[in-house]
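Across the two complexes that follow, chain A remains constant while its partner is chain B and subsequently chain C.
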Partner chain A sequence: MPEGKFCNKKPVDTAEGINELLSDTSGNDYYKEMKELEVDSDLLWKTIQNTVKSRMKTWLEICAHCGMCADSCFLYEVNGRDPKQVPAYKIQSTLGEIIRKKGKVDNEFMRHCMEVAWAQCTCCNRCGMYCPHGIDTGIMFGYLRGLLYQQGFVPWELKIGAGMHRVYRAQMDVTDADFVDTFEWMVEEYEDDYPGLTVPVDVEGADIMYTVNAREVKHYPEDLAEAAILFHIAGENWTVPSKGWEETSLAMFAGDWAACKMQVESVYAAMERLKPKRMIGTECGHAHRATVVEGPYWAGRKNGQPPVESIHYVEWLAEALNTGKLKIDPSKRIKEPVTLQDSCNYIRNQGLKKATRDIMKHIVEPGFFIEMSPNKEHNYCCGGGGGFNGIGLFRKQRNIALIKKRDQILETGAKLVLAPCHNCWDAIRDLEEVYEIGIRWSFLKPVVVKMLEIPEHLRPEE
Partner chain B sequence: MHDLLTGVFFWITLGVCLIGMLARFIMYFRGLSWQLDRVAYTSYPAAGFKGAVRSIYKWLIPFGTYGWRTQPFIAIAFFGFHLGAVLIPLFLLGHNLFLREKLGISFFTLNADVADIFTWMAVASAFFLVLRRLVLPEVRIMTTRYDYFILLVSIAPFITGLLARYQVGEYSFWLNMHIFCGELLLIAIPFTKLSHVFLFFASRAQLGMDFGIKRGGMKGTKMAW
Partner chain C sequence: MFKKILFATSATGASDHAARVAFNIAKSYQSHLNIFHVLGVPSRGYSQVVVDVKTKERVDVDEDYTAWVTEDIRTYYEKYLDESLNYTIDVAVGVPAREILRQAKILKPDLILLGGSTGDEGESVYKKSSLGSTLQKVAKSANCPVLFVNRPAASFWGGLSNIVFGTDFSKISDKAFDFAMKVAKTLDCELSVFHALDISALHAGKMLNQDEIEQQIRESLRKIRSRYEPRLKELKGYSMDVWEGIPFIEIVKYARDKQADLLIMAHHSRKISSEDIRLGGNVEQVIVRAGCPVISINK
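Let's turn to the complex of A and B:
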């Protein structure tokens, strides 16, 4: 059986297809079928010849096998320093091997590559900082995921996730109407507390176009209300697009580059339609990476920039606090030991470390903010990045991966962890569930909303 | 034999090495693709240049990066080896005399004692690099015969050079062996992993441009290598 009913090389691009895949509980049949899936070696080799150029060829060729990347990888460290977890080994023994064999690899090898690509690398790019030759293994694993996706060797949840983007232009089955309705409903809930609170939909020429993570719409609608409240109090002229509101990209985790392009183009189309001055995305790491950092390239934008200036939520929040648009009531600042999770996707991979530190200065009583060690660009992945959190098949490996973050948090002694990233937030929630170290975790919005000084004219009448 | 090695062989190997390096260096940069690499190389030359220079410069300084500092043992072995590998071929008195005769040019000359120290340091460091490959599981797992071959090709001119210098046995034999090994090394540079001699700069420049343009450089954040 070369192509299975569930597991095959064809992307899912209909709602029925998604439902069918979802009906296969935990992907049991999907993974059974995967064992029979044929490898299209010609396609594999042709794709490699067309896409492995100078940079990657050189990386694979000049890797000195020195092992200096070993200690940089948290998965190597938490898995008992297993030499099979050394980044250079992981990529040489998968992508390197596929290339050496000119694509002539078998089903079993491809399934092995799938495990390495999704359960032994979170594409956090930390090792790239520790290689004397400047070899970024995380980038190569991202590329390998693309090859595996094309051949149908992709974890079940990510095949579905990529399909969601193809069908709904969102990571979940949240329609445009669901998004607008939920946002409006949540804002109504808070109208009494914040008179004049609205969610301006499809306003042209606003200063800010706000984009979100579909999870917020489906599972955490409070987050939408908090975003509205913060823009409202800051006096921002903002809007949300009724189409092109989803900033995330599970397609990026899956290696479905065509779906990545479709997804970011929907956001860029909203920018072009509404012509805002800036786009601001929610507290999500990979969403920012996908739509702002990598997205322009998928969409073929040669200058590497989205159609309008696009910033991360922490950049806006830091700016609003620094300029006094938002004022914090000093008596309500955090007065307990608190630590901060640096998201790989916008700290290491877009250098936003100062914005989050600025925010901490405003919201934490001096002396209570404790940095993790290491931190900033050198911080470790939360343990669940790159899609790892969502893959049932690799849950056991993911739970081991959480150990590094657990120990880093324990070392700070803080019981509160601020995590302005959905993926990190999830991983930290899960690590508390698995290891019970007695911590609380939060996004920034709910914390800031509670400590705002609200200008007189925006307060509810007594 | 000596005439052949210092005559036609010398010219061929030097030519192949220099032209090969130049060709591959040019091919590397021509092969960079803004869309495949997802780096807008040509849109922001200044940011790219700054990132590239920083990325190279930081890694050339012993203990200049987190990577070097967190792994002092390999940092010492690495710099011990590479200092010799770069300085001795270019600045040894004997090499300079030879170059003056052949090319009419010569470089700054190292004091003989200093040259001895660098040479021994390179040999000792190579020994530690081999030892490291044998002992550390995280290095052993990746090490292939090819890696040892590259180390052997790199260190052979030093060992034969020392044997000639201390006149162990017949001087002229070791001198010829030394020249032969040196020429083998020159030929190997463009075609093997030794291409890192120049591709190191290319690869580091590329990642530097990536960080300088896309991953924070244009946000005003310098990468903390």
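Let's turn to the complex of A and C:
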């Protein structure tokens, strides 16, 4: 069976290739072609033999089928407790099966695996916390996605997204020049309000190197201005790299391992070139996972760390508030019931729950912060993680997945949801659009900018 | 004067009155008119899906769709688009205020003309997550004068002969005055300089007696004379007045009284209010209420 024009095993690595894929609206032809796509079983089995290490082998072997993971999975809960949504079943019936069959699986089975890997698991890793053996299905699904990508069984949007990283080293078609221009434009727009506001580009030896999400540059550039304002008011010595500024990785969602490496190496190269003391990434969860937590392994870094200390935006913000670099005007604190979305990627998976709670203490009037239940490392995925948000083919499943977060928010009674993660922010935005529960949502930056006490010497002349 | 005009429009009934003024100005002054439409907000994370602001449908934006929307706009404004008009149509995806400002950055127009918002604000796909309205953001950040036509009554425009300039004696008001002078001179108009003495906010809780009010009015008039009159003499006709009251109401009343064709004011609100437009600042209030087009200047 043939390789398709759009759907094939070859990654997209030219701008023309991306445009061609984009011209296939909604991936209609792409998915038609996928039905004809041949499975290269030899390659699949060879890849498995080379990459399935002892941890994954053990996990697949020792699963006792106890079912403890069932209740930990929000997709199991919101899908009528369907046994087919039990994490252990989901991974055993896909990755487990491919391995048992030594890669000899057919096209239909691979398409089934694609649906399970992208529409029945958001790689939130919650099940791994509840498994008595510590088996993390999310990690195994991340791995399965890599196998599927290699064989061409990947959702259309993610093939494009991974291609964007290959071509632009960014998740969207934003060039390095676009990034610097947009940042400068934003600073220009706000410099009257914040005299002395600048965006220092490519400064060597700064205390902070700041990296962003390309979507901020493309659609929400106020976020860049807000980041600049907060660093400026805090008196930080910061910079942005003109190359290697994109922290996110749709390649990680897609399972495009080679593109993951290319992307993260571009950020590490910027760190090595500019030698900042620390790197701080924007309010994004998966970007942090990709660049700070998993990236070092993709890049083959022996110590498992990025070239310089790298922290999440909430860690910097908590530090700035705790040390008094940023001061909040108490009269401007949030005085309405407000809740907080814990992002799986840096709360559950990196333990930053204290940072976000510290921030809430500073910006919310005592008594108005209402925790979701459960919360912190036990919190549920927003419903759109792991790439789920953007995949048109699985929109229906994604909308069902939002129900858990909707109900958690409703239970708090809060009308304002702070979501310091792009993916969560998107999912919560979409859940309001789908279910209309009357909430507002926000990143932290715009909220904090509005309640700052600005030191006299930084105020505009009246 | 207006060589290049950027007309940002929803291409719906909400922008009809603004469109009438836009096409009128473009034709009267042989301007190049860029008709600019932001067709929707990006949705669904990194996906290609956009919620179309007109149809409210979720669509995949590709070249075909953009071409279709462009054609739709051409059809919508068909009656205005004759050979005498020098125009282009551009369509973009994104948050409207930001995309309008981005387009202005590229085009560097002499004037931005902002159409009305799309239909019912509560239902607008833009509304909920954006802080402040398109109007506020564009008025605050644009690098050129921004012209608003909010009420249908403001759009029955027969050319320019009477201009009202509202001042609060700020530095930016001086910039706005420079612009008002330029328009009045170039187009040979009369210019009325007006200041409203705010008796609501300045003295909350304290009722001024009429002697005090009139004393302040005299002072403000003196200020207008010393600040603006020497230059006003360059014009064929001018007047200067100070009224007391709630400023935005007084300005609207004054413009009506003068049968003004255009109102010019400075916009210097530092913070964009996240409140509803009805609670916004003076300029926003004037824009919403005026019976003639309003130009806001911020730098």
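Here is the rule we use: the second predicted complex is superposed on the first by the 461 of 462 C-alpha atoms of A that agree within 3 Å, B and C clash if a C-alpha of one lies under 4 Å from a C-alpha of the other, contacts with A are read in each partner's own complex, and residues count from 1 in each chain.
Methods note: a contact is a pair of C-beta atoms (placed from the backbone, for glycine too) under 8 Å apart; a residue touches a chain by one contact, two chains touch by 3 or more.
Note that the structure is a prediction, hence the values are computed from the model and not measured.
Placing chain B and chain C on a common chain A by superposition gives a fit, with no clash between them. With both structures placed on the common chain, the touch criterion links A:Met68 to chain B but leaves chain C unconnected. By the document's definition of touching, of the two partners only chain B reaches A:Val86; chain C does not. In the superposed pair of complexes, A:Leu352 makes contact with chain B only, with no contact to chain C. By the touch criterion defined above, A:Gly390 lies against chain C but remains apart from chain B after alignment on the C-alpha atoms of chain A. Put chain B and chain C next to each other and count what each touches on chain A; the higher total goes to B.
In the superposition on chain A, contact is made by A:Leu250 with chain C only, not with chain B. In the superposition on chain A, contact of A:Arg429 is made with chain C only, not with chain B. Of the two partner chains, chain C is the only one touched by A:Ser23; chain B is not.
Of the two partner chains placed around the shared chain by superposition, chain C is the only one that A:Asp192 touches, whereas chain B remains out of contact.
Overlay on chain A (Cα): least separation between chain B and chain C is 25 Å. Those residues of chain C lying in contact with chain A across their complex are 42-49, 51, 60, 62-65, 94-95, 98, 101, 105, 125, 128-129, 131, 141, 270-271, 274, 299. Against chain A, the residues of chain B that register as touching in their complex are 27-40, 43-44, 55, 59, 66-67, 70-71, 74, 78, 133, 136-144, 147, 193, 195-196, 199-200, 202-204, 206-208, 210-211, 213-217, 219-221, 223-225.
Those residues of chain A lying in contact with chain B across their complex are 51, 53-55, 57-59, 61-62, 64-68, 70-72, 76, 81, 83-84, 86, 88-89, 92, 128-136, 293-294, 296-298, 300, 302-305, 348-354, 376-378. Put simply, chain A touches chain C in their complex at residues 22-23, 25-26, 157, 160-161, 171-172, 185, 189, 192-193, 215, 218-222, 250, 384, 389-392, 395, 422-423, 426-427, 429-430, 432-433, 440-442, 446, 450, 460.
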